[in-house]
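Structure, as structure tokens:
Going by the order they are written in, the chains are A, B, C, D and E; count residues from 1 in each one.
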Amino acid sequence: MSEETKKTKIGYYPGCAITKCSTSEEYGTSVLGVSRVIGPELVEIDDWNCCGASSGHATNHKLSTALSVRNISLAEKDGYDEVLAPCPMCSQRLIVSQDDVEKDEKLREEVEDAIEMPISNNVKVSNYLEIVKNYSMDEIAEKQKKKPEGLKVASYYGCLLVRPPKILKFDDPEDPKTMDEIVTAIGAEAVDWEFKTSCCGGGFTLSRTDVVVKLTNDILEGAADAGANAIAVACPMCHANLDMKQNNIEKETGRRFNIPIVYISELIGLALGLNPKDLGMDKHFIDTGSVINAFSNIEK
Amino acid sequence: MSKAEAKPENQFEPKIIAFLCNWCTYAGADLAGTGRKEYQANVRIIKLPCTGGIDPLFLIKAFERGADGILVSGCHPGDCHYNSGNYHARRRWNVFRPLLEFCGINPDRIQFSWISAAEGGKWVETINGIVDAVRELGPFESYQKLNTIGPETSGGAADASSETG
Amino acid sequence: MSKKIGVFVCHCGTNISATVDVEKVAEEAKKNNPGVSYTTTYKYMCSDPGQKLLRDKIKEEGLDGVVVAACSPKMHEHTFRNASKKAGMNPYHVEISNLREQCSWVHPDKPTGTEKSVDLVRMMTEKTRKDKSLNPIKVPVTKRALVIGGGIAGIQAALDIADAGHEVIMVEREASIGGHMAQLSETFPTLDCSQCIMTPKMVELAQNENITLYTWSEIEAVDGYLGNFDVKIRKKARSVDLDLCTGCSSCWQVCPSKKIKSEFDMGLGKRTAIYIPFPQAIPSKPVLDREHCLLFKDARKKNIPPNDSKVCRKCLDICPIAPVKAIDYTQEDEIITEKIGAIVVATGYKELDDISMYGEYGGGKYKDVITGLQFERLASASGPSEGEIQRPSDGKVPEIIVFIQCVGSRDPAKGCSYCSKTCCMYTAKHTMLYKHKVHHGHAYVFYIDIRCPGKGYEEFSLRAIEEEGATYLRGRVSRVYKKGDKLVVLGADTLTGSVVEIEADMVVLASAMKAQDDAEKFAQKLSIQYDKDKFFSEIHPKLKPVESSSAGIFLAGTCQGPKDIPETVAQAGAAASKVLALLSADELEREPVVAKVDRLPAPIFSTCIGCFYCQRVCPYGAIESEDIKARDGSTIKTVARVNEGLCQGCGLCAATCRSKSVELAGFNDEQVYAEINSVEFN
Amino acid sequence: MIEELRKKAEELLKNGTVKVVFGYGEGSVPERTRPVFITKPEDVNKLTWNKYCVYNLTTYLKRQETRKLGKPALILKGCDARTIIVLLKECQIKREDVYIIGVTCDGVGDPLAEKCKACDVHTPLIYDDLVGEKRENKEVPFEERYAELDEYEKLEEKDKWEFWQKQFEKCIKCYACSNICPLCFCDRCIVEKNQPQWIDPSAHPRGNLSWNVTRAYHLAGRCINCEECQRVCPVDIPLNLLNKKLAKEAEKSFDYRPGYNIDDELAMSTYKEDDDEDFFK
Amino acid sequence: MKIKITTKELTSDFAKEVKERSGIDVKKCYQCGKCTAGCPVAYEMDYMPNQIIRFVQIGARKQALTSRTIWLCASCITCTTRCPKEVKIAELMDVLREMALEEGVANPMEKDITTFHEAFLNSVKKHGRISECGMIMEYKRKRPKAALKSALQDLSDGSHLMLKGKLSLAPHSIKGKDSIKRIFEKLG
């Protein structure tokens, strides 16, 4: 297994939000840091561009499809069978766009014309949870150095990892389990809660802060009520909203949650004994000290 | 109606003969009728109890007579009114179809399908599909133009079945 | 030799004549066709005057062949054949051109439809020319009926048939008859107790001398045909000798396995391993559930015969029957064969119980999200809570209860597009039962449409709202999630255009009526057809609602589609009357559409060469071999022969025969040839 | 080997096991042989065996005039013996009514007949007596057995059509092909049926296709590739290509080869629930 | 509200137009309201999601395209996921937004949102990727009021981000940014 895994080379599509010097670079940093230890090898796709994210598909379907598909064609040109897009906004856009051009011959032709590349659509786009589950579970067990104690994690998947389920075909859209499995694998407690796939308000961070505050409040409340002392995420948008809005919530409702929001990759990194700083854990709004400190060396 | 209006002048209208089983596809075609589902009028149905009762001779004869295309359709596997008729039929077509193809007959001219009594919609799709496909292929002229009179016999000796196609 | 053929073109009101020029069709039929000696058109050929016209013209014009260009032969072929027979013409000289379903209804362009119609009429005219006179085949009838399924449909049908003096065999796969109706608490729209009206019927059935009851039994195979079925029944090992057992209850009282989920109580109550499903069960004798019985579990684990296990023999030990005990661990499945004349299929439905497909409702995850049938058991006096409405999780009486309609119904995304028909009414009933038992509680119902087209149904559902105070909200629920010990129901009220959030104590899903899990396999066993939802198909949705696609097999109740009790009972009665009509004759006439191997004068005798491919392909074993003997008794030739009694007329043999020595009557070579030959090609 | 054959024949005729021996005799020229029907022990010297013994003697099993001669012994090559298995399965003969003198064979014809190129029955699979040294029946790969078809299957549709039309045009409907075929044993061939006349008995291009396709189809799952039809065709239509194509399809789709196993189900009278149906819509 | 239907409305089949553009068949919707029930933003909307579908069904083009709802949809796809009739509601919102922009009838009350989308795509067009700073600047310039509304937040969020070295002032441009421009020219 490990021989195989090491050889597996996967195209890496960071997307704008988690690439270096972006708002959520710690996600990217930790994903790459972790993959260096447990594989698979990630190689950044040359000259990738923004997938258009929510603004693209919200206002111009063809444009957003072309922006997304260009990246897939680039990956194919580079010879990858599989691409990791850790940001679910990106992975969802890439997969849905693949599906759109697959089903609509006319759209495919227009897009091929615009991106000036052929579309053969043979690349599988994966989200981060899939990659960990498919390639690295054994490696985690093998290479784990630290184990958390008393860490109760609410796994928060948000919208775009699981929806639309008919196209993404990833996990149970109402009660996904993959992240919980990873959380459990590293020795933390995965709490059963009700808001795994509730919406945090996504792209309304800037334009409709009020909406985001209300929705994140519901989610944080759900996690707190379920007894979680940390929320694990795999999406930079979810992270930003849950992490940054806790102050606003306090101002509006008076309730201070102070729940650290950590990327699942950061949790894996901690378990592997990586330096929290290298994982970017100092870049969070809500202090992650409680999570970091929950980990201690495994005695072997 | 819009279809009829849009029809170009002198468009080739193929003649398709459909051999259907009584229980599934014939009933499916009836259902399309009951549902007033419009489709192209190029098909002439010959009803038999079961696809298992269709001798390849029928198909050969239909082509010989001048059919541009043939459809054979019956119950889905497992649904045959006679338990296994469609399975036997499927076996026949498994060898017969490649034989015709080997002789240079375009396989699109002879299509097979399973259409149940409940699949009026599929009937319409199938018919429109084969009519469009055969229209695209054009008339089966290479066959129809073959002489029905032998090299050595004069016209008088030809039998009754040799009407001009 | 040549036939005189009459062509009758039907207008079908305007159904045909609106898009087909019927006059032209009639005219063209005669043109260049010396065989056609008479043509006419008529408004409704199937009407009495239409049939009279047909009869009169056959006589007046001396017709010996008739083409009726009308609707599908599935509609009126029979009508016109009968009419012709009355006029003295062989009914099999009648052919139908299907102008309505194949032309007028599907080709709105009149010239196109007319051109095709002319073709269709010509095809049938040419076929008719080759029609041979056929005479119905007579087969004797076994005067005994089989009823499969012992729910209310089966019971009603069995009683009706038995009361008319015929023998009935009932096969029920559960340990007791009664079916779903025995599980219900009260029934709409009268609110009378279901068991109170059901159990007398069950007793009546048990006491009826004409009825043989096999419970804990299943149909293994059905062979034969209308009037002469051979049915194999598997009597599953019950481990209890029904003749010896008195139903004294000692065994199930001592059984130590007491925690098995009761199927009858929809998993809400418990039962023992040796058990009767419910107190009024018939037969009131137990069955041993070998899967859960300690003794059988032990035997399986050790891989020894059950009788050798000594883990637990409490039921056997306590059984008071002597000298031979009524309990027998060594019993095995037994296959019995019965001769049957007609069959009623009344195998019922299955409630959608895999509610985990509704993850958004917490189906299968939250104990207090239950199905409609589970609520019936909760509300039933004989149920696990003796009629108290209690939450399965903690026994608390729910003060706010939410009913969600259309769960598994009208939901194509979950693979079920149809309406289950009964849920609107039973949900209204549930709100009333709830309100009668929990006066201070409140019931909310999320619905899409309230469908109550039965007698007294509209009034009943309005009563739930107006008098019993249920609050109906028009909208589907999107999500149910747990918050503390409450269930938060996230729904909508589309009438006010708002999202509605209810903190409920209990949620009842009005779950769909689905076909039985094994419906498909069962249908194949009986060679009957089923629809996309696996409900068995009637042969005509309006005019033959209880006839299955196999002659002599009739459908009753919910195996054919969702329906309520009155409808089920009515259909069962209808199926019974069809059976009685069949059994009232000593002989049946069968369509003479059978195969025949040719016989010719000596020295050929038959063109059959005896390769017996036909025998190999025949699904009915209807092909026999016959030795053609010379005077001295020596065999000249061995050829195939069709047993007309067994032949079902599929034509497989004819298509397989290389020399075309076997042909199917009604679809013989000349007829098919004539049809192909008569199509006018470009 | 010839001596052995003659001895065997003599013995069988003498002890009354058979009434006649169907064998090969010398022809008018050395490159030819002809069928001989030996009824008297003293005539056994007419029997011969050489590489010119191309044809399949089982065809005489269906003929009245040779049937009348009484129980026969047949000298059969491995390929010819496959016919016996088919005939047995199709109830045309009873095993006890024929005596099979199998001959092992390394190929016939000069040049070597096409059918011998991929032979896997050098030693017959069924016989009562075997003459000649036993050979190993080595399996020949599927592709090799049907290699002859490749160049025709590769043709464009139009070229296929033209090729076959050119061939069928030549057909004079002499029916030599079906007369010689040991498996065309119908008392009344479909072409002789005139009510209705499915196949036009007179030769013309349109009807010729019908006849040739039907003849081939009637051999689907049955033809044992003796190539006799093609050999006797006076206008040299490569009829065996059609037979071979069907054999290939039957083997590909049903994993069936006729004449190898007396206990199998005949390909065209059985089915499997998972038979291929990719071409169905 | 009054929905007026005249021959003008009758000749343009709005539902058909939507279907041709997107393949979404709103006729399948039987108005059960499950989309509304599960919508996280419904409470802010002027019309419920099912009502938007209804507008399309009955040809009330103006009401659908000028609604705030279409802009408030967060594209969380819960509605599409749970729709019993498999109507792609979230995707329908995309199409309606696209049409509203094309026809210039987007609801001015949600200008904050449309401007955000504009700023976002402008950044992509220019650099091939998002320049977060540039995008935020453009947005703030165009929507000063929105900026004011969350001025305090800006101070804390934005400066914090910059402090932590996460928000770069220099735009990330890709090599192939010309090819991105051409995509925008062809399809934008």
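Quick note on the criterion: a contact is a pair of C-beta atoms (placed from the backbone, for glycine too) under 8 Å apart; a residue touches a chain by one contact, two chains touch by 3 or more.
Since this is a predicted model, take the numbers as computed values, not measurements.
Visitor: Which chains does subunit B share as contact partners with subunit E?
Guide: Per touch definition, common to subunit B and subunit E: C.
Visitor: Looking only at C-beta pairs in contact, point me to the busier pair out of B-C and C-E.
Guide: Output for the comparison: B-C.
Visitor: Among the chains, which is located farthest from subunit E on the basis of C-alpha centroids?
Guide: That would be chain D.
Visitor: What chain is most central when centres are computed from CA atoms?
Guide: Answer by centroid distance: C.
Visitor: Which chain is most remote from subunit A in terms of Cα centres?
Guide: D
Visitor: Roughly how far is subunit B from subunit D, going centre to centre by Cα mean, in whole Å?
Guide: The answer is 34 Å.
Visitor: Can you give the whole-Å distance between the Cα centres of subunit C and subunit D?
Guide: So the centroids are 52 Å from each other.
Visitor: Could you work out how far the Cα centre of subunit D sits from that of subunit E, in whole Å?
Guide: The separation of the two C-alpha centroids amounts to 75 Å.
Visitor: Taking the mean of the CA coordinates per chain, how far is subunit A from subunit B in Å?
Guide: So the centre of subunit A lies 55 Å away from the centre of subunit B.
Visitor: Could you say which residues in subunit D touch two or more other chains, in rising order?
Guide: In subunit D, residues 190, 198, 268-270 touch at least two other chains, as defined above.
Visitor: Out of subunit A, which residues touch more than one other chain, so two or more?
Guide: 173
Visitor: Tell me, which residues of subunit E touch at least two other chains?
Guide: Residues 43, 78 of subunit E each touch two or more of the other chains.
Visitor: Go ahead and list every pair of chains that touch.
Guide: Listed by label, chains in contact pair as A-C, A-E, B-C, B-D, C-D, C-E.
Visitor: What part of subunit A is in contact with subunit E in the complex they form?
Guide: These residues of subunit A touch subunit E: 16-17, 19, 21-26, 47-50, 52-63, 66-67, 70, 104, 110-111, 113-116, 159-160, 162-165, 173, 197-199, 201-204, 206-211, 214-215, 244, 247-248, 282-283, 285.
Visitor: Quick one: which bits of subunit B touch subunit C in the complex? Just the residue numbers, please.
Guide: Interface residues on the subunit B side: 1, 4, 13-15, 17, 23, 26-27, 29-30, 32-34, 36-39, 41, 44-50, 52-55, 57-58, 61-62, 65-68, 78-79, 81-85, 88-89, 92, 117-118, 124, 139, 144, 161, 165.
Visitor: Would you tell me which residues of subunit C are touching subunit B in their complex?
Guide: For this pair, the touching residues of subunit C are 72-74, 98, 100-103, 105-109, 112-113, 115-116, 119-120, 123, 520, 524, 527, 529, 531-532, 537, 549-550, 593, 617, 619-620, 648-652, 654-656, 660, 664, 667, 672-673, 675-677, 679, 681-682.
Visitor: Under the touch definition given earlier, write down the residues of subunit B that touch subunit D in their complex.
Guide: 56-57, 60-61, 64, 77-78, 84, 87-88, 90-107, 111-114, 126, 129, 142-143, 146-153, 157-159, 161-162
Visitor: Which bits of subunit D are touching subunit C when the two form their complex?
Guide: That would be residues 90-92, 185-190, 193, 195-196, 198, 218, 265-266, 268-270 of subunit D.
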